[in-house]
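What follows is a group of structures, each given as structure tokens.
Two complexes, one shared chain (subunit A), two partners (subunit B, subunit C).
Our next item is the complex of A and B:
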């Protein structure tokens, strides 16, 4: 127990620093995923075949290649394209796009669960397709997909650990650093695991609040 | 009927196919201001499809529908009509409201928000004024006491009355009703029919697909009997119910009226 406290005392400041970065990456990626994922999901439902095809290609690319490969591609690819962005930004962008692909799929499946009558009433009242989606369909869809979105965003937090391979100083990277100092991998990994878990508890707590709120205003 | 007046809706040679299935074969119909037209007929005869063509919820296969100076045209004659139809639909849907069998209220919005949504979002009307008008409309259908309720907290009859108020909020010239009371428990049918009766008396032009023969006989001033994708009887309730010309209609009424 003494040894645990001793190691934790050295490791925790490093891990907490990493936790901050992990939290920042996760929040930013999730925000990107929500905006970009909604846009891609909307494009999937477009009547314009070309628009739909672009959206489907985006989803296929990000869902059918390993995330680690995507991370390396972005890390070496962006500079090759003349874009000099930090490892942190690269990580946020690629994790955001990766999560957006899954978000789009979840959104689309949610939309297909909305009764046809909801669309028809909106069109019959003179609403455009865009207005119908944004004001009538998506708000109802969001309520249905909160649980699956939560699962996806918890996954995003976990996937952010892969960004350590491109030198982003997030928690997994800091864990390795702490191990280098303390030579106690087991104890440091236990600490790191608990911190990841705590971060995801926050997401699940937020999700539960949203669900409770939704249930209160009925549907 | 004063034949010199211009019809509000004019349907020529309308046909609608779903693939091989010919649902509407050749419909010709003029509907004038203030008319209350009941459309009746056996299940599958194309009544809903006919209504849904009028506000372009369905594509027309051939023929033409003229409403308020714009027209929908069949896409069999020219594929480009599809684009033109989409444009025309925007105008037509401003003039034509629709009330559905399943109400189709928006469940994430309150009763008042349901009624206010389209005047504010589509017509860009002033919010305060719209709210005042919406409350008046809700009072008209006896639902002003439930303005802040959500649709799921209401009975079917109450939901349908809100749906009628929502449609009225857009000030349409014509309202299409597709079996507005068929999804209701019997105890709630009367309250919805009463609202519709008031509308009819106030001079609203209405096309009502219904199985309520009582309503058709009492409130409608014109009854159309559809079968197999044709309108085979078209006249006053008296003419169609008491002296149907076709055997099909006679059979249908003997079945329905004797139950």
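Our next item is the complex of A and C:
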């Protein structure tokens, strides 16, 4: 137990520093995912077959390959395309795109739960398709998809750990540094696991609060 | 284009890596199925104190598995097995880590499937004098797995997508094979594109299977 406390004392400052980076990466990726995911989800619902096909291909490619392979592809691919960005930016971009594919699917299924009458009423009022989506449909969809969306955000926090393979200094990367100092890998990894767990429990708790609030408003 | 020829030159190694990936994933999902069933049985008990404690343990386990990254879980299991004095190969600890992770998710899938089995089924079986384990094995679980088959296949896809993380334990599955070839040949992008395509073919194929299973379920 003494050893545990001693190791934790050395490791925790490093891990918390990593946790900050993990949180930053996750928040930035989620923002990208929300914007890009909405765009892709909107494209999926398009009447234009070509546009829909592009969106479906995007979703399929990102959902049917392992995230780790995508990270490698981005890490070597972006410089090959002439984009010399830092490892941190690469991580944020690829995690954002990966999450966007899942967000798009969640959004699409949410939209399909909205009654058709809502669309028809908006068109009857003379609103354009885009305006209908942004003003009428998406706000209602957002309420329905809160649980699956926050579930996806938990997934994003977890997936950010993979970015340690391209030397992004997030928490999993920092555990390696802490192990280099303390030489007790198990304790440090358990500490990291608990920190991730705590972060995700906070997200889940927030999700439940939002849901409760939404339900109260609905009544 | 020349670089892709080099990738083609190493196709045997890549296919061997793919074989390893499939082997690891199949082994992991089979053990995970047992773990998932065990977890579900553990939380089936009534309101007595021991079964309440069991339920709490299962809840914490599942929450931990779902709330921490697989990568960290793999490291923890790998180190924990070593500290416990079990001299397992990297391959074995990797498979154990994957199946302990996937087992938590499968337990949740089974929980969903259990709601599809009407209470009358168990009551009828009990009235016929079947023992509790027999009821589970002969009456409840066959129906649960019939309903949950599409989700279980999805979980298998997930395991395949998670398996590249075993490369951190130096298990020579597809991703590790690619990493090795990259350091050998100094060509990176073509190899990663090649393995991405290989993963894509398998996962997209399995996803079609999921769709088929869902359709069959709806028709019934």
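Everything that follows uses one rule, which is that the second predicted complex is superposed on the first by the 218 of 219 C-alpha atoms of A that agree within 3 Å, B and C clash if a C-alpha of one lies under 4 Å from a C-alpha of the other, contacts with A are read in each partner's own complex, and residues count from 1 in each chain.
FYI, contacts are C-beta pairs under 8 Å (C-beta built on N, C-alpha and C of every residue); 3 or more make two chains touch, one makes a residue touch a chain.
These numbers were taken from a predicted model, which means no experiment stands behind them.
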{"item": "Simultaneous placement of subunit C and subunit B on subunit A, clash or fit", "value": "fit"}
{"item": "First, second, both or neither for A:140, with subunit B first and subunit C second", "value": "first"}
{"item": "First, second, both or neither for A:72, with subunit B first and subunit C second", "value": "second"}
{"item": "Which of subunit B and subunit C A:126 touches, first, second, both or neither", "value": "first"}
{"item": "Cα-centre angle that subunit B and subunit C span when viewed from subunit A, reported as a multiple of 10 degrees", "value": "110"}
{"item": "Subunit C versus subunit B, contacts on subunit A by residue", "value": "C"}
{"item": "Touched partner set for A:117, first subunit B, second subunit C, both or neither", "value": "first"}
{"item": "Touching partner for A:13 - first (subunit B), second (subunit C), both, neither", "value": "neither"}
{"item": "Subunit B versus subunit C as contact partner of A:197, first or second or both or neither", "value": "second"}
{"item": "First (subunit B), second (subunit C), both or neither touched by A:180", "value": "neither"}
{"item": "Shortest CA-CA distance in Å separating subunit B from subunit C in the superposed model", "value": "25"}
{"item": "Intersection of subunit A interface sets (partners subunit B, subunit C)", "value": "none"}
{"item": "Contact set on subunit A toward subunit C in their complex", "value": "60-61, 63-70, 72-73, 76-77, 80, 154, 157-162, 164-165, 172, 175, 185-186, 189-190, 192-193, 196-197, 200-201, 204"}
{"item": "Subunit A residues touching subunit B - in the complex, by the definition given at the top", "value": "115, 117-118, 120-127, 131, 135-136, 139-140, 143, 217-219"}
{"item": "Subunit A partner contacts - residues on subunit B that touch it in the complex", "value": "55, 57, 90, 93-94, 97-98, 100, 102, 104-108, 117-118, 121-122, 150, 152-153, 163, 166-167, 170"}
{"item": "Subunit A contact footprint on subunit C (complex, rising order)", "value": "63-64, 66-73, 75-76, 79-80, 83, 157, 160-165, 167-168, 175, 178, 188-189, 192-193, 195-196, 199-200, 203-204, 207"}
